[in-house]
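You will see two complexes here that share chain A, one where it goes with chain B and one where it goes with chain C.
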Partner chain A sequence: MSSWLDYTINGLIVGNVYALVAVGLALIFGVSRLINFAQGSIYLVGAYIGWVAVVQLHTPLPLTIIVVAVAAALVGLIIERFGLRPLQNSVRIAPLLATIGISFVLDQLVMLTFSPNPRALPSQLPDVRFQVGGGTIGPLDLLIAGVGLTSALLLFVFLRYSKLGWAVRAASQDRDAAMQMGVDVNRVNQAVFGIAAALGGVSGMLVGMYYNQIDTAMSLQATLKGVVAEVVGGAGNVPGAVIGSLLLGLVESYGVAVFGTSYRNLFAFLLLVVVLVLRPNGLFASARQAPPEPLTGTFIAPSRPVRIPRWALLAAAAIFAVLPFFPVSFYVLQTLINAWLLGMLALSLTLVAGTIGQVSLGHAALLAIGAYTSALLSMTLSVPVGLSIIGGGLMCAALGTALISPSFRLRGHYVSIATLAIGEIVSLVILNWESVTRGPIGISGIPPLSLFGYDLISPTSIYWFSFAVMVVLALLQGRLLTSHLGRSFRAIRDDDIAARAYGLSLNRYKSLAFIFGGFAAGVSGGIAAHLYSYINHETFNTQQSILALTVVILGGLGNVVGAILGSVALVGLPEVFRIAAEYRILIYGIVLLLLVRFRPQGLLGTM
Partner chain B sequence: MAEQHTTMLSLRGLTRRFGGLTAVDAIDLDLARGELISIIGPNGAGKTTLFNLVTGLDRPDAGVVHFEGQDITGLSPERLAAEGIARTFQLGRVFGNLSVMDNVLIGAHTRLRAVKPAVPVIGPLLELGLALLRPTSVRAEEERLREEVKAILARFGERLLPRIDQPAYSLSYANRRRVEIARALALKPRLLLLDEPTAGMNPTETAEMQSLVAELKAEGLTILLIEHKLEMVMRLSDRVIVMDEGKKIAEGPGEAVRSDPKVIEAYLGHGLSGTSEQESAA
Partner chain C sequence: MSNIDRRSLVKGSLAVMMAGAASRAAFAQSSEPILLGVSGPLTGPNAQYGTQWKQGFDLALDEIMAAGGINGRKLAYQFEDSQSDPRQSVAIAQKFVSDPRIVMELGDFSSPASMAASPIYQRGGLVQFGFTNSHPDFTKGGDFMWSTSVSQADEQPLLAAYAVKRLGLKKLAVLHLNTDWGRTSRDYFVKAAKGYGAEIAVTEGYIAEERDFRSTLVRVRDASPDGLILISYYSDGALIARQARQVGLKQVICAASSVYSPKFLELGGEAVEDVHLGTRYFPEDPRPEVKKFIAGFKAKYGGQEPDAFNAYSYDAMNMAAAVVKIGGTDRRAVRDAFAKVKDVSSVIFGSATFDVESRRVKGAMNAELVVRKGQFALWDGKPT
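== the complex of A and B ==
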């Protein structure tokens, strides 16, 4: 076992890398009150540009760093100009969704260009280690420390002594006042996105060299780590982000020293949740500051939902119900079963993200909770499958709500970050809690669906079963929306301050929304487990969360019929056009971006 | 003491600092039941911050708030709403995507009983179940509240009733302010705080609002009013309190306060934000 000094050095070096990402996030948050979910994707792009430079162009190290910084900065400028600037005057949810969409598009483009297989990224530095006290330090460690310090110094000089730097500081202190004083906000945004992207790109390259490996999973991890560091330091606080990063690096490194490598991320996310709960404005902010987000403007696009006459809905339901009597292929039924399962997840998400305004990015974790619960209930306790699925729904409602409850006092982007982290925590717990979940091996031999003792094995019966469950959930949700809870949820979404002033407890109603939504998601996961007969910690992943989000935006936030229509469209259309699987996520990302830009109210309108 | 009996709201040494700035500085205030006190003062005097402290949206750094004899300092806004304190917001905070009807129904939220049984722990789950099942008692309650909302909206003449199903974002600015007041009335408040209810209204609309507030006062409602239009303040108020830079600089009957040299100086020093409006309203 290496010495504590080694772990400390490792923690500080890793922290240095996180700092490069977190400082960019803090700069962007400072001027535009936006958590840039695409920051990790730029880091990924930086790593792969570094790979092209080193392995294919054989550039010397200083040139590699410059190439990566410039190319990444360009990507940042493009994101700012075409992804975010057009949304400046739109509803608050729009830029949040846009950076999520951009991140998925960039990741997929890298994956399609370079394949998902990991690659080696040699550091071009001599492989020697120097003795320092009881530990060792290598040239790459020194390089990372050097790049970190140099960037900090350059950034300090820029912010303190240049005119543009002054404008950035002015805009992050009080954007409106700065605009009145003639600060060009577009130029400030450009500067900030360019700098953030350059730092992020170089950081990705350095990490690739540090582990001598790059792969496309780096992106999400980097976004999460950077955001954790930034939030720990206090959103928008640049020096705070550096300290938060070093702290995160150390916490992780010591955590790994004591508990082992597979717990590294768990510590990062636990740190995030603890900070969000205890000090939502970061470690260095005074505890009672004004909320970090502007309070004005609506959260979702105002629109009048398209009213679909009852007979049309009944007719559509009847057609889908009798479909199996017609000579449709197995393949069509299979596709529609997938659409119904996704529909249940989308119903859950449209309630949580659309009706009460908590944009959850960890919804796949709810599927996992439902799936594992139902599988384990039916296998270890021999609970009949129909009941075990309901058990999965109930467990998901209870556990999901309990897990997400720390985020109830947060708003906007923070909710997304917290739910993303909680989703990761769930999959890490599944991976590490081997005595119950069987860890990385997963659970196989899950019994098939059955109802009242009859196994549902034919595609037709599975089709009817999942369709019926989805319709029941949709009817219940529709009824919920017309009750006093529906208007209470929507009031909290539109203005949580005014809602509280009229006696609506945020904890109570957010819990109820997650309980109801968690049940639907848990049931969907439970059914999936019995259909697949095998699940592991990767069966339900962030891609599903993003797919569900796209479905929900497509249908119209909060719109029950829209969620189902969106599911059929996003599951069905790629099949109709026979789009290869690897392009689908790219297309979902692009659809999300186009919707946010051109039809934020979705197909059927927000409710 | 006899005075204790009639005092509804009393503030002692209420203070709120933002960094180096003391937005509300050791304010004392006593509001008797049925009284209407206006708070005036130049922009940035701390009036809205004072409202935030009384309604629980912000917590004081020092001082206490008593309401109906109870210490309510630092209670949550939800609790205070349940105690019967309702407010409107200076910039207008209606729920944009909710209809006029739903906006005002939210005002009645603290009065829901049938659908919100006061049972500890499982209360929220019962509420979910009742919202889905909707037994007769729940439907009757909802129906009764909807009738009440219509009666409240009728106080605004034909301004809101014809638009009862329209989403609030589609209303004119003045109508959104009216919806806010309707929402506050739906709470059946014991204490009503109005933050510049006539901001951005033309003289006709201002006159309408003034007579509505006069009506509410005549009905016995206790009101704290922030208002820049001095004409309206003089007509409605039992007493006027003048704030400047967080401090109370004058207090008393309207006319006396108006001619107080300290008040004139405070307004002149800040470029008299009240006079032009006062003249246009007159």
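== the complex of A and C ==
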């Protein structure tokens, strides 16, 4: 019994840590309806500024906290002013992509300045431990809890009783009306970003001290857990974020208690999905609250797509088809093979995200399902590789649609968060379902691609094969978009209430889109498995999901040609920047930001 | 940073492009260095390991140059950042295979990135020398895959002997990274420890991003073991040790050699005092190759102590040099040379000779260390 007390205390302690990030995220979401993917990077920056202050400048703790808060707030203000404010009047998805780009840039800057080696960040508090249950807690636990609760309380008071707080709330309820009443919305945004960033920076520093360890990989994890906690508590709800964090910590801790350590994150993400399905606005949203998202139509704004004449497309296809006859190196062909594989994934995502408006952040899971299915079919059941890839596509269509169906009733950002969680769940199931997936050992010795008994092993033949598959999928999708089905998809995206009033069954159409998209993604994963010959649970990770979304937004949502163009660009750019060695991801991030800034509707525009 | 800096790399590749195939023969005898390709993470979540590789490579190259290079020619490497991402490692593989200057490839770091590239190296006839690839299937990718990674079938029984026979632990809790490496290691460890008569009370696998181990440690406590075994890298190993001491677990901790790093001491602080670990070499090691390595490393990197990954890459570069000395610049001859090199001086193995069947090196050195007063020291046989 005493162990349960310990699990409870441990859950609350780690929940405490999550709360620091979640409160900042909630504040920003509350005002600008934006999930700030750069919050984890500010947390990282705060940790390293804290390191400089403590280890280099030997500042005492109160001064350290002030230094970190001020510096992080400055970073937040810069992000708001130069990264997000210029995008105010563009499509609502542009700022989301901008925060992803900003997080790339910040993480890389920290890595280049401080090297990727982890560092110790010594705690400046006396090392006394208090016995609680079977374990102990230290002064840092109390300080973290104190900072979390105090900041939540202060924010609550600030939002409720101060004039700027009223302005913040007014702006979050109705930005246009607030402006008409004379609220300076920019100043409100500035204040919110400054406060959230200061909080994020201080939390990074405190967590670094807590573990006596900071490294550049902590940013993405912090964002992921923070987002889960925030959405569980009710996006935009500051006290809710604290309670959501504690709940998340408890669920993880009990999950470890009952099933073991390797199931921990599985429970975190299952909690999120369950909460989203049962209470889409989070646990602590009041019933009378206005819908947290505007209708999807404003989330993905229509724009005039760039019309590419048919002859130009044909010419481009012809050039790529005959490319291997010219003296191009296998390296170029391999890079293009990667682009075609990513292109298939992007076709899938541009259909579900762009055409029907379900912005998925877990698309790499579809690759994994396709890859594992095809690999296992060909290896254990000796299915010929060509057929096994189709099997991977079909399995992915079926399983992917089934997994995603609980999130069909969600809208806007919530779909992204739910799919993010589903993607993580798939990866964790692959890790833990050892009898089928061989767990962390992975599957090796997957047979190479083959077609009608002929092995495709030369880069040229793999190039033609993947290009042909992608072109066929693209043509099918192009045909689909011009059919009545495509029009229905877009109608649902642009105004789901009107579409429903018109008699369209939303779930059925969303399922159809996911079935088609799942097939394309599954085929891409299947080809990748046979190309790589080895896969494990890390092969298809969250970064690939984020990359796929970036491709789709860059190309123009719903735009078939745009998805392919975006894939070539985002596979090609990091390769082109190889010459810049360690700086290449930084340059990539900056280019991404510039693209979002000047073409927020994507290179070819939304279809 | 890297041995050939970026400018000469740009110049080199431009020169190759412009000069075309005709002048390639001229390069072969000229003062152009013999070039090795390295595929590894310089950015992304594993970036720290790529930077450690570079340190070891650069030190080994300095020594190789000082000794006159490879039959009078320079040796150099071209490091391509893969972020440990299989998509990028396969592109790098094609890049290296189609670049006639590259005579051998080293890396990648993670199994998904390395083994995804193996078919390309195998078909392209370029040796993939995976010096950190412990995945049991890595060298099964083909006869161009060679590895000096210490086989876990070798290492884990040594650790088990240390924990069970020497330290007298009878009931063990095993915490391991839930990766292919951690999982394979755990299985070998558990088998060996049971063979020595110990009982395995509980095993817990955790993912690499994990920071919080308190609840895991409650499970460990409830299993009431008399020793904790960490199959961890240094950063997570330090975290577990700290949290174990914080929650009041006082059992003996015994860790795999991968925690052997000055960072383990820095990050773990007082909590890693008295942690036992089996390693392949140690600071006061009397072996001449180790003395040379540690002294050279400290001199080159401002007094910094080398760690396990520095040693792996230092050894790998020395092995590559020995192979190229025999095999020259012909890729097939380089592959065949791996079977011919004998007794290459090595920090990890003492002297390394490949087992031609498995394409791996057997018989890693073993030293039983303990952390005393914040330093790694040879274990004096006293209980802690």
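One rule holds for everything that comes next: the second predicted complex is superposed on the first by the 525 of 607 C-alpha atoms of A that agree within 3 Å, B and C clash if a C-alpha of one lies under 4 Å from a C-alpha of the other, contacts with A are read in each partner's own complex, and residues count from 1 in each chain.
Please note the rule applied: a residue touches a chain if its C-beta (ideal position, glycine included) is under 8 Å from a C-beta of that chain, and two chains touch if they have at least 3 such contacts.
Note that the structure is predicted; figures quoted are calculated from it, not measured.
Asks: Could you look at A:L512 and tell me whether it touches chain B, chain C, both or neither (first, second, both, neither)?
Replies: first
Asks: Between chain B and chain C, whom does A:A581 touch in the aligned arrangement: first, second, both, or neither?
Replies: Touch partner of A:A581: chain C, not chain B.
Asks: Contact-wise, after the overlay, does A:S115 reach chain B, chain C, both or neither (first, second, both, neither)?
Replies: In the superposition, A:S115 contacts chain C only.
Asks: Tell me the contact category for A:A170 with respect to chain B and chain C: first, second, both or neither.
Replies: After superposing on A, A:A170 lies clear of both chain B and chain C.
Asks: Which chain, chain B or chain C, ends up touching more residues of chain A in the combined arrangement?
Replies: If we count touched residues of chain A for both partners, the winner is C.
Asks: So, does A:L504 touch the first partner chain B, the second partner chain C, both, or neither?
Replies: After superposition on chain A, A:L504 lies in contact with chain B alone.
Asks: Report for A:R487: first if it touches chain B alone, second if chain C alone, otherwise both or neither.
Replies: first
Asks: First (chain B), second (chain C), both or neither: which does A:V17 touch?
Replies: A:V17 contacts chain C only, not chain B.
Asks: Just chain B (first), just chain C (second), both, or neither: which does A:S3 touch?
Replies: second
Asks: Figure out whether A:V52 sits in contact with chain B (first) or chain C (second), or with both, or with neither.
Replies: A:V52 contacts neither chain B nor chain C.
Asks: Which stretch or stretches of chain A touch chain B in the complex?
Replies: Within the complex, chain A touches chain B at residues 288, 290, 296, 298, 300, 302, 304, 476, 479-480, 483-485, 487-488, 490-491, 493-495, 497-505, 508, 511-512, 515-516, 606-607.
Asks: Name, in rising order, each residue of chain C that touches chain A in their complex.
Replies: 2, 6, 9-10, 42-45, 47-48, 50-52, 79-81, 83, 85-88, 90-91, 93-95, 97-99, 110-112, 115-116, 118-120, 123-124, 135, 137, 140-141, 175, 178-180, 182-184, 204-207, 209-216, 218-219, 221-222, 235, 238-239, 242, 246-248, 263, 266-269
Asks: Mind listing the chain A positions that touch chain C in their complex?
Replies: 3, 6-7, 10-11, 13-14, 17, 108, 111, 115-120, 122, 129, 131, 134-136, 138, 211-213, 215-218, 220-221, 252-253, 256-257, 260-262, 264-265, 329-331, 333-335, 338, 341-342, 431, 439-442, 444-445, 448, 457-459, 528, 531-536, 538-539, 543, 571, 574-575, 578-582, 584-585
Asks: Okay, in this complex, where on chain B does chain A touch?
Replies: Residues of chain B touching chain A: 18, 55-57, 59, 76-78, 81-82, 86-87, 89, 91, 93-98, 102-103, 105-107, 109-110, 112, 115, 124-125, 127-128, 131-132, 134, 142, 167, 169-170, 183, 187.
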